[in-house]
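The structure under discussion appears below in the form of structure tokens.
The letters A, B, C and D name the chains in turn, as written, and every chain counts its residues from 1.
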Amino acid sequence: MATLVQAVRMALHYGETHLGVTDIFGEDVGPPLGGVFTATQGLKTAWNSPLDERGIVGTAMGIAYAGGRPVAEIQFCDYGFNTIDLLKVAGNQRWASAGNYEMPLVLMTPSGSGIRGSLYHSHSFESWASRLAGWKIFMPSRPLDAYGLMLSAIVDPNPVLALLPKALLRVRGDELLPGEPEDPEQLKAMIDAPVGDRSAWQPQWPPLEEYFIPLGKARICREGADATVVSYGRTLPLCERAADELWEERGLRFEVIDLRTIFPYDWETIRTSLLKTGRILFVNEDTEVTNFGEHLLRRVVEEHFYDVLAAPRVLQGKHVPGIGLNQIYEQNTVPQLPQIRQAMLELAMEEP
Amino acid sequence: MTAVADLRTGRFSLPADRVREIYTLMVRARKLEERMIKMSKSGEGYFWIGGPGEEAFNVCLGLQVKKGQGPDYDYLHLHYRNSATMLAMGMEPIDAMRQMAMRRTDPHSMGRNFVGHFARREWNVLPVSSVIEIQYTMAPGTALVQKRHGGDGISIVVGGDAGTAEGDFASCMIWSSRPGQRLPVLMIVMNNHWGISTAAETQHGEEHIIDRGKPFGIPGEVVDGCDPVASWHAIARAMEYCRRERGPFMLEALVSRLHGHSSSSGAVRVENEPDCVTILEQRMLEAGVCDRTYIAHVHETEEAGIEQALEQVLREPQPDPTDVPRFTYAPSPVDAVYPQDYDDLPGRRRSS
Amino acid sequence: MATLVQAVRMALHYGETHLGVTDIFGEDVGPPLGGVFTATQGLKTAWNSPLDERGIVGTAMGIAYAGGRPVAEIQFCDYGFNTIDLLKVAGNQRWASAGNYEMPLVLMTPSGSGIRGSLYHSHSFESWASRLAGWKIFMPSRPLDAYGLMLSAIVDPNPVLALLPKALLRVRGDELLPGEPEDPEQLKAMIDAPVGDRSAWQPQWPPLEEYFIPLGKARICREGADATVVSYGRTLPLCERAADELWEERGLRFEVIDLRTIFPYDWETIRTSLLKTGRILFVNEDTEVTNFGEHLLRRVVEEHFYDVLAAPRVLQGKHVPGIGLNQIYEQNTVPQLPQIRQAMLELAMEEP
Amino acid sequence: MTAVADLRTGRFSLPADRVREIYTLMVRARKLEERMIKMSKSGEGYFWIGGPGEEAFNVCLGLQVKKGQGPDYDYLHLHYRNSATMLAMGMEPIDAMRQMAMRRTDPHSMGRNFVGHFARREWNVLPVSSVIEIQYTMAPGTALVQKRHGGDGISIVVGGDAGTAEGDFASCMIWSSRPGQRLPVLMIVMNNHWGISTAAETQHGEEHIIDRGKPFGIPGEVVDGCDPVASWHAIARAMEYCRRERGPFMLEALVSRLHGHSSSSGAVRVENEPDCVTILEQRMLEAGVCDRTYIAHVHETEEAGIEQALEQVLREPQPDPTDVPRFTYAPSPVDAVYPQDYDDLPGRRRSS
């Protein structure tokens, strides 16, 4: 079973061999490293760029203008904050030019906490990104979704941002990608670069198959009628686990929704679940002032204020200037299992 | 080329018919801009910005562009003073005025963007944005595709002198001069010695802006942008270098800013800067390229053309409220929410 | 009665003569122009910078580190999106260094729509800014507040962002600043630079007085018990006007709150009013996905879900890639008087 | 200065006692870093990054800094490989280890930041951030205050070779060389020929990085950063220029990266790069500056000192949960919500 980062790599391989990807580039993306998280090892169109995020985004735009299909990487989303103007422009080019140009590019970047990354390797990006009109944004929480969403991102003619949850990159899924060998050790031997000298190494790609997960489609991970919890990325598996625990211990059935796509988000799935359970909690780890979860909450209040059985709510990261390295900071800054479990329990138990 | 040299600057000359062609386009551009300045004052439009004082260079540039769509042709990353370039490439003045008058028929932006913010896919004219200097981050991207594609297409990027202080100017040099990856980028700086109200000599520590290319091995030239003969040949040399060497070149054109920065600063005619149109008229008369009747005739014809176009424009429709979100997204087969265009938030689509 | 931009200018003058301001700088901030909106005319510490927003923010940080008190300007907030990383760092320096350094700087920038600014002179910035932990952010809607908040920003030892509503810069208040002459024409003659040659001009400053409006204090502009509306900047006077109309026409008494400070926002004033009226509407013109108003709504839902008499709500700008120049776009993109009035009326009339 | 020259490189020499002082500090720095690498593997710390291979240059830099607080003294805008500079300035190794071990006692960041991210106000050491190159935007700010203040304090900014591709490096040149406003900025590039896994020769079109200063009239020098004699004098010349001329200078030090990029890349000792410590030992022995016993003694003493410090550090307290928001805001008399520090959202303050 592939890890999330292997799934991304295989999607990129499929992209460059079947879907017209021309350039996969960014800092340390090409040989010998193949990405600080190994996402781009062994890819034939991968190359190393100068250490210049503005150049990376601008060049990706240029390649897209000229008919290429670039997948560019910002090494950590934390280092993309000097490119927001370019991201805004990439998102508005079709609109600004009244349809003269499309902007078929994919930007991928690791996002979120969970690898003891301290101030500059722990930021979340989805709340910022959700403000970039014209972009599509996804954040997978399992390998199969990463694969299927990345293929969709590649064929979509609009700019797509792939936020890769750092904490889950090395986590294996429990479903095979289409074409993936059964044995994860075999997969590793085939596609992971060896430690040490790699100059002669060549990956052996499994016979991967096309598999598109449409952008804008959430996934219901657990069905339930007692309450709804919506999440994505690092916190999604925590919500699943909390749901399992609350079922076992309290007999509460939570509907757990993996939003997967931040924008366009799957409002139909959210509202259908909400209308079923009457109770909803949005969980993410981005900072809590002007957070994307607050947007979803607003939609709930705007459209279903009189349909809910308990106050709808959001659980988010603290509004502080950063996430400190000592784990005391991280544990007390972004939601962990106990807080998520607690919030879910309170939601389910609230008596209006 | 040993054609009869009718107009001469130093060792260089241009034949009379070419000079008259350039002259006619210069006058067309001037009349267009002057009329649009009036529109900004009469309320037929709002904001004006454009290139009076740059016509000599800009026309020579436009006439030498390898015009067409796709990487076989030149890509143009322009800024907001390039109307004369566009006219020289064959744009009808009316298409600039449509943007000035914010009509739905504006082919560059459907009445959305400021005047001079061109976008034209069939000529590889990329959407001009007001954000100073970002075009310099994109030019290496189009040039990279061109270099890989083969042929002699180049990427031409144009900006002002003050804007070179943005890091993006440096990014362009860096990305265009990577060892073994030199790119056919023609970096043009239109040096009018001003950034709005700020005099160049108060901010520039470098003598010539093109000197900044030298450490990167980027050849460069400073040219009198008021002189079409000098400009024509400097552009020809620069293009020839980029086309043949598949590497970057820098051209710095010294030009005038005859109506100040924009309508925000009044757009009044300044008297203390050389006017390339009247200088050329003088030289044509002296060299016997034409007589006064010809000059008067060109003025009349071009002015009449502009007036006629304006009448037409003012009869054309305005955008309507349903146009607001149009062209946000290109149609996508893998988007569950916006398979066609965008019209409102997910689940709140007007059309559904 | 001073205009808002005159009030800012007088505050800066007071700052440089009484509160230790050492540098007021940015693009076109110094002579001859004194700012594209005249905010910095005649100030003795004002100087013109290179056209480089990253340099502007970085230099301001350096000046602050070294004991200076800088007020830096980003000419339009639309041009600050390449500096978000630096803004994040400015906001985290004290926290990251565990108190080693303070960051006493003021960054000011015009924000929002209302001057027919098209794509790049109409952005709002407050939702982005509210995500910058460590910053304080204010947005005045009248001259007296601009004066008093700017003085507070100057003496506050933390980074403060002053968002100046473009649409209101030339609007006069109806209260005198402390020390301001009664006659606005006299004030104009004293402190507005003349048109034309200014080289010999010197401003005559009125005997201004110290006047601090604390950061984090909202202002109740209209008292009322029927419903609460919270706004700031351009939309605030529209809310006032709608409240007056709804009083005259319908006998509805709205409590209108000018939030003034975006962060730290005055939660006490909001909740006190909410507990009085049971009905609340947040109005701003920033785009509606992940909007600061949605954060305030979340606080309401989180803390007062069972106290409200009607669904709390927000009215915001549309989630589109930009604001088009033709006024059809602007009118249909950001809230105008009719929509605000309508939303207020619906809020007051809603029967649960 | 005609002291007896005990160690000589070309025309330059250093007296024996100075050499021994430098050597001792180099060994201290090396032992410190080696021990911290072990900590990153043992779990006593997590991430390691530092400067093994740069000690010769960095010690010579630290010893020549004009150390103190305020504009009379030098400002240091360092990056993450400057431990030897800090030790040479007098920092106790334990203060680096406190950061490595993320203790509450860490004086640079209270256990928040990665190791090597120093901040020390009484020595003008500004907070090191992980964001590559942004320090170059700030150095002109401190230098501007210094120039205006008078005296001979300068601003020293240090970064890597790959990072010069960021636009911020160009910004620093531009802001430091404005006509009539040249600033005492010593721009140091530590050229180890790598950016993580990316070889410099694949990305740099310029021969020497310092050549980029020439168009701006910024003098520069390339120095063997493994040689303390050459480095000492190059630094002395560069500082002398900046102090006296009150203008910018560029110094490019060719150095080694003896443990790879960081613990993320394994931090294993590389064998193919010169080691400034062993080279110096060889030279000292050959020149009779010391004998083997002395060398062994220094190794022993420094190693013991580090071990002792570590024991101490490991007994020191961790931060606690209430530390999370501390030091977000400096106390402010004009803030109604956070007159002291921050602890939670407005109206949700833990303390109230």
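Here is the rule we use: contacts are C-beta pairs under 8 Å (C-beta built on N, C-alpha and C of every residue); 3 or more make two chains touch, one makes a residue touch a chain.
What you are looking at is a predicted structure, and each value in this text was computed from that prediction instead of being measured.
Among the other chains, the CA centroid farthest from that of chain B is the one of D. Ranking B-C and C-D by contacting C-beta pairs places C-D first. Distance between chain centres (mean CA atoms), chain B to chain C: 36 Å. Separation between the centroids of chain B and chain D, computed from CA atoms only, is 46 Å. Taking each chain's centre as the mean of its C-alpha atoms, chain C lies 40 Å from chain D. For chain A, the set of residues touching two or more other chains reads 49-50, 52, 54-55, 79, 85-86, 95-96, 119, 133-134, 263, 288-289, 319-322. Residue positions of chain B with contacts to 2 or more other chains are 109-110, 112-113, 129, 131, 165-168, 171, 174, 178, 202-203, 328, 345. By the touch criterion given at the top, residues 22-23, 49-50, 52, 54-55, 57-68, 70, 85-86, 89, 93-102, 104, 133-134, 136, 151-152, 155-158, 212, 214-217, 263-268, 271, 299 of chain C touch chain D in their complex. Put simply, chain C touches chain A in their complex at residues 54, 79, 81-86, 88, 91-92, 95-96, 119, 127-128, 130-131, 133-134, 263, 287-292, 294-295, 297-298, 301-302, 305-306, 311-314, 319-322, 352. Only residues 165-171, 173-174, 176-180, 182, 201-208, 211-212, 214-218 of chain B touch chain D when the two sit together in their complex.
Chain D makes touch with chain A in their complex at residues 46-47, 102-103, 109-114, 129-133, 162-163, 165-167, 195-198, 202-203, 264, 318-321, 323-325, 328, 342, 344-345.
Across the complex, chain A meets chain D through its residues 27-28, 32-33, 36, 48-55, 78-79, 116, 118-121, 288-289, 318-322, 324-326, 328-329, 331-333.
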